[in-house]
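Shared between the two complexes below is subunit A, which pairs with subunit B and subunit C, respectively.
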Partner chain A sequence: MLNIVIGGSAGSFPIVTNILAKLDKSFSYPMFLCLHRLKSVRTGFVEALRLKSSVPVFEPHDREPVINGHVYLAPANYHMYLTKGNTISLSTEEVVNHSRPSIDITFGSAAKSFGSKCVGILLSGANKDGAIGLKAMKDSGATIIVQSPQEAQVKTMPMAALKITEPDFVFTSSQIISYLQKLKE
Partner chain B sequence: MEDSLMISEEDFLKILSAVRTVGDIDFIDYEPYLLCHRFERFMQMQGYASVAVLIDKMMQDKNFIDFFLYKIQVGTTEMFRDPQMWLELQKNVFPKFSGESVLKIWLPDVCGDDELNTLLILLEKNNLLVKSMIYATSYSERVLDDVKMGTIEPKKMEVSLDNYKQFSSDTEFFTNCFFKSDRFQCLSPKLLDKVIYLKHNVIHEEPPDNGFNLIIFRNRALYYSMSSRKTAVEKLYRCLLPGGYFAIGIGETLRGLEQNTKFVPISKTENIFKKP
Partner chain C sequence: MFDENDIKLLIKALNDSGGYDFSNYSLKSFMRRVEKVLYDNKIDIYTLINAVKIDNVFLEQVVRDVTVNTTEIFRDPSVWQALKYMVLPRLHARKEINIWHAGCSVGMEVYSMEVLLCEAGLLENSKLYATDINTDVLLSAEKGVYSCRNSEEYMTNFRKALCVNPFNREEQINIPPQKYFDILPAKDEFRVKPFLLKKADFKKHNLVSEGNPFGIKYDIILCRNVLIYFNQNLQNKLFAQFWDYLSDDGILVLGIHESILGPLTAKYEKKGLIYQKKLI
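Let's turn to the complex of A and B:
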């Protein structure tokens, strides 16, 4: 079973909402979203993602069992780990790259837990969080995709990843959507 | 994070075995996934290239294990984390304590002073501190020594004040709870004097007292194994007074613990519960 893990920061929200809107209702893989967000704003984000999403979106609790076809958004002020036991663990560890949730943490845990059974996607953002985690995923055999810096609203994050690893694909947002749609086939 | 460093399952087990041998501590009580990440982070911070270097340090230097155990603990993040939870406590729980002559409160497995400081400030603000008896317990003497100091770094003070502003506009009250010492802010001894500090392992030992009115156990069980979490929460339930309150982190649940605990939710969003 494939696991889809997406990281993003500034400029990624419209892309993520577009992805969720265009997924088929029968999309059968679990998807994990680690998006930088204000720690003080706990409500509103997941609700905004749900508005146009064709698949269910949740903020998981600690040790939440993962269900195929569901989307899990890292909660505010917690790191989100993906585990081999098909559950989600949360942590209040130190901020990484000024972020909690940190994309490096989520991607790094995906590398360790899922190995090649994973697709990692890094979107627009204003810092380098996610680059090291994406490299770890690549080193573990996952397929990795970086949003085209030319298209990204803020290209720092995709550029940081491209500096240290060679992705399988550099895609525009519409190519990312098309790739995910084809996965179900 | 300088670069990805991943400890293999085999190396992870080697570290556990070394800690058991040298420190007489069995990490079976802890969530292996997060524990492994703590080991990785420690090695990165210390610049160790391999697990062999770490194990060698443990075996060669008898003081090293204390340092290691101290460093891998996950501290708390800031004061007044989740201001809504503290508001809820003030609004819906504290008024229930008005008739009590003594308030017994326990913070098990403290791992930093943020939750304790927040509680002390809140009790003082609500004129409840004077009749409070607060237990702060940890299995680590070093952590307790840190907590007793009550010193706050400038950066953390800034973040905490921001949180407090969401809680109350009376920032003068907050700042008056501290005095300046060198570059740190320190919590007033008047507040800290109400705390009883004890070395205590919440998983393996019996509670330090009984009849608690309130137990705050937020984000500590995230790092426990499922069975240790069950053991700890059931113990905490038993030592609460009927009608006593229990708070866990907003990212946590009591799912799977319903058989031996009958907590009733007081606030579902802020994860505050009551023992019937």
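Let's turn to the complex of A and C:
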């Protein structure tokens, strides 16, 4: 089973919203979102993502078993680890790259737990979180995609990843969407 | 790098030399914490194992470093709203309210509770008990002086927790934070007002092995974001112990993204963000 893991920060929210709106209702892979949010925006984020989503979106509890076709958003102020047993682990350990949740942590755990059975996608953002994790995913055989820096609202995050690893694809957001749509075929 | 066998050797050393039992910690999170200790001290796992066997001061330091101390003033305001509107009103009839903060870290949750109780007119009748395995954080907790670094978040939390009524959003509630805290950016100090200090009983306690730290029944036990570091067996053991230690209609508060799974589910009733002890 393939796992889709997406990281993003400033400028990624409209893209994620769009991805979720355009997924087919029968999308059958589990998807994990690790998105930075403003410290003042702790609640209401998952509700906002749900508004247009065609698939169910949740903020998981610790040890929550993963269900195919569901989308899991890293809760505010927790790191989200993905595990081999297909459950989600949360932690309140120190911030990483000034971030909790940290994308490097979620991506790093995906690399360890899923190996090649995984697609990692890094979107727009204003810091370097996610680059090291995305490289780890690539090194363990995952397919990795970076949002085209030309298109990204804030290019720091995609650029940081491109500096240290070579993604399988550099895609615009509409290419990312059609890639995900084709996955189910 | 190190593997699970090395970790087992370390866990044995911590138990043999210090009496700390980490064998029921979630292996993954324990390994992450050990990685951090190795990185911070620039040593390898074998040096660490040998050092904790011979150096008790270092062993205590390692125990402090592998535990996680993240906390905030009024962390997750919706939990405090639930306590304020769903739990505290029915404690008014009590002569004495006993509250235990299990894993209290630097005490921010304890002082948040004192503020909530004070606003409800219940502080006088309340006894607060707070424990942690880490003696450093307990010293900070007793002082009630913190850095200003996150004071904006604390104030946002404070306003949401105390000044918003989720059942009537129109209601205007105005409680100035200065009533409870002195915020001194020039000194980088976020200070709890003196009248809130010395109210709580802070004590070193190992949740894994030491049972009920004060030997009484509690009306509320808060144990937030502690059990996520424990394996399922230890979680179950603690849910059972908390059940024993709670008064008949006692409340258990877990972290906002934690839940009771497994056999103890039947002994608690989940009411929104809190768990109520079920008598069976």
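Just so we're on the same page, the second predicted complex is superposed on the first by the 181 of 185 C-alpha atoms of A that agree within 3 Å, B and C clash if a C-alpha of one lies under 4 Å from a C-alpha of the other, contacts with A are read in each partner's own complex, and residues count from 1 in each chain.
Everything below uses one rule, namely that contacts are C-beta pairs under 8 Å (C-beta built on N, C-alpha and C of every residue); 3 or more make two chains touch, one makes a residue touch a chain.
Since we're looking at a predicted model, the values are computed, not measured.
J.: Does the subunit A-based superposition show subunit B and subunit C clashing or fitting?
T.: Once both complexes are aligned on subunit A, subunit B and subunit C clash.
J.: For A:154, decide between first (touching subunit B), second (touching subunit C), both and neither.
T.: Touch status of A:154: no partner.
J.: Give the label of whichever partner, subunit B or subunit C, reaches more residues of subunit A.
T.: B
J.: Which partner does A:133 contact after superposing on A: first (subunit B), second (subunit C), both, neither?
T.: In the superposition, A:133 touches subunit B alone.
J.: Using the superposition on chain A described above, determine whether A:92 touches subunit B (first), subunit C (second), both, or neither.
T.: both
J.: In the superposed arrangement, which partner chain does A:104 touch: subunit B (first), subunit C (second), both, or neither?
T.: In the superposed model, A:104 contacts subunit B only, not subunit C.
J.: Check subunit A for residues that touch subunit B in one structure and subunit C in the other, and list them.
T.: Shared contact residues on subunit A (touching subunit B in one complex, subunit C in the other): 40, 42, 61-63, 75, 77-78, 81, 83, 89-94.
J.: Residue numbers of subunit C touching subunit A in their complex, please.
T.: Answer in residue numbers: 26, 28-29, 32-33, 36, 68, 70, 75-76, 78, 152-153, 156, 225, 228-229, 232, 255-259, 261.
J.: Quick one: in the complex, what on subunit A touches subunit C?
T.: Residues of subunit A touching subunit C: 39-40, 42-43, 59-63, 75, 77-78, 81, 83, 89-94.
J.: What residues on subunit B touch subunit A, complex-wise?
T.: 1, 3-4, 6, 31, 33-34, 37-38, 41, 74-77, 81-84, 162-163, 166, 219, 221-223, 226, 249-253, 255
J.: Write out the stretch or stretches of subunit A touching subunit B in their complex.
T.: For this pair, the touching residues of subunit A are 40, 42, 61-63, 75, 77-78, 81, 83-84, 89-94, 96-97, 100, 104-105, 108-109, 111-112, 132-133, 135-136, 139.
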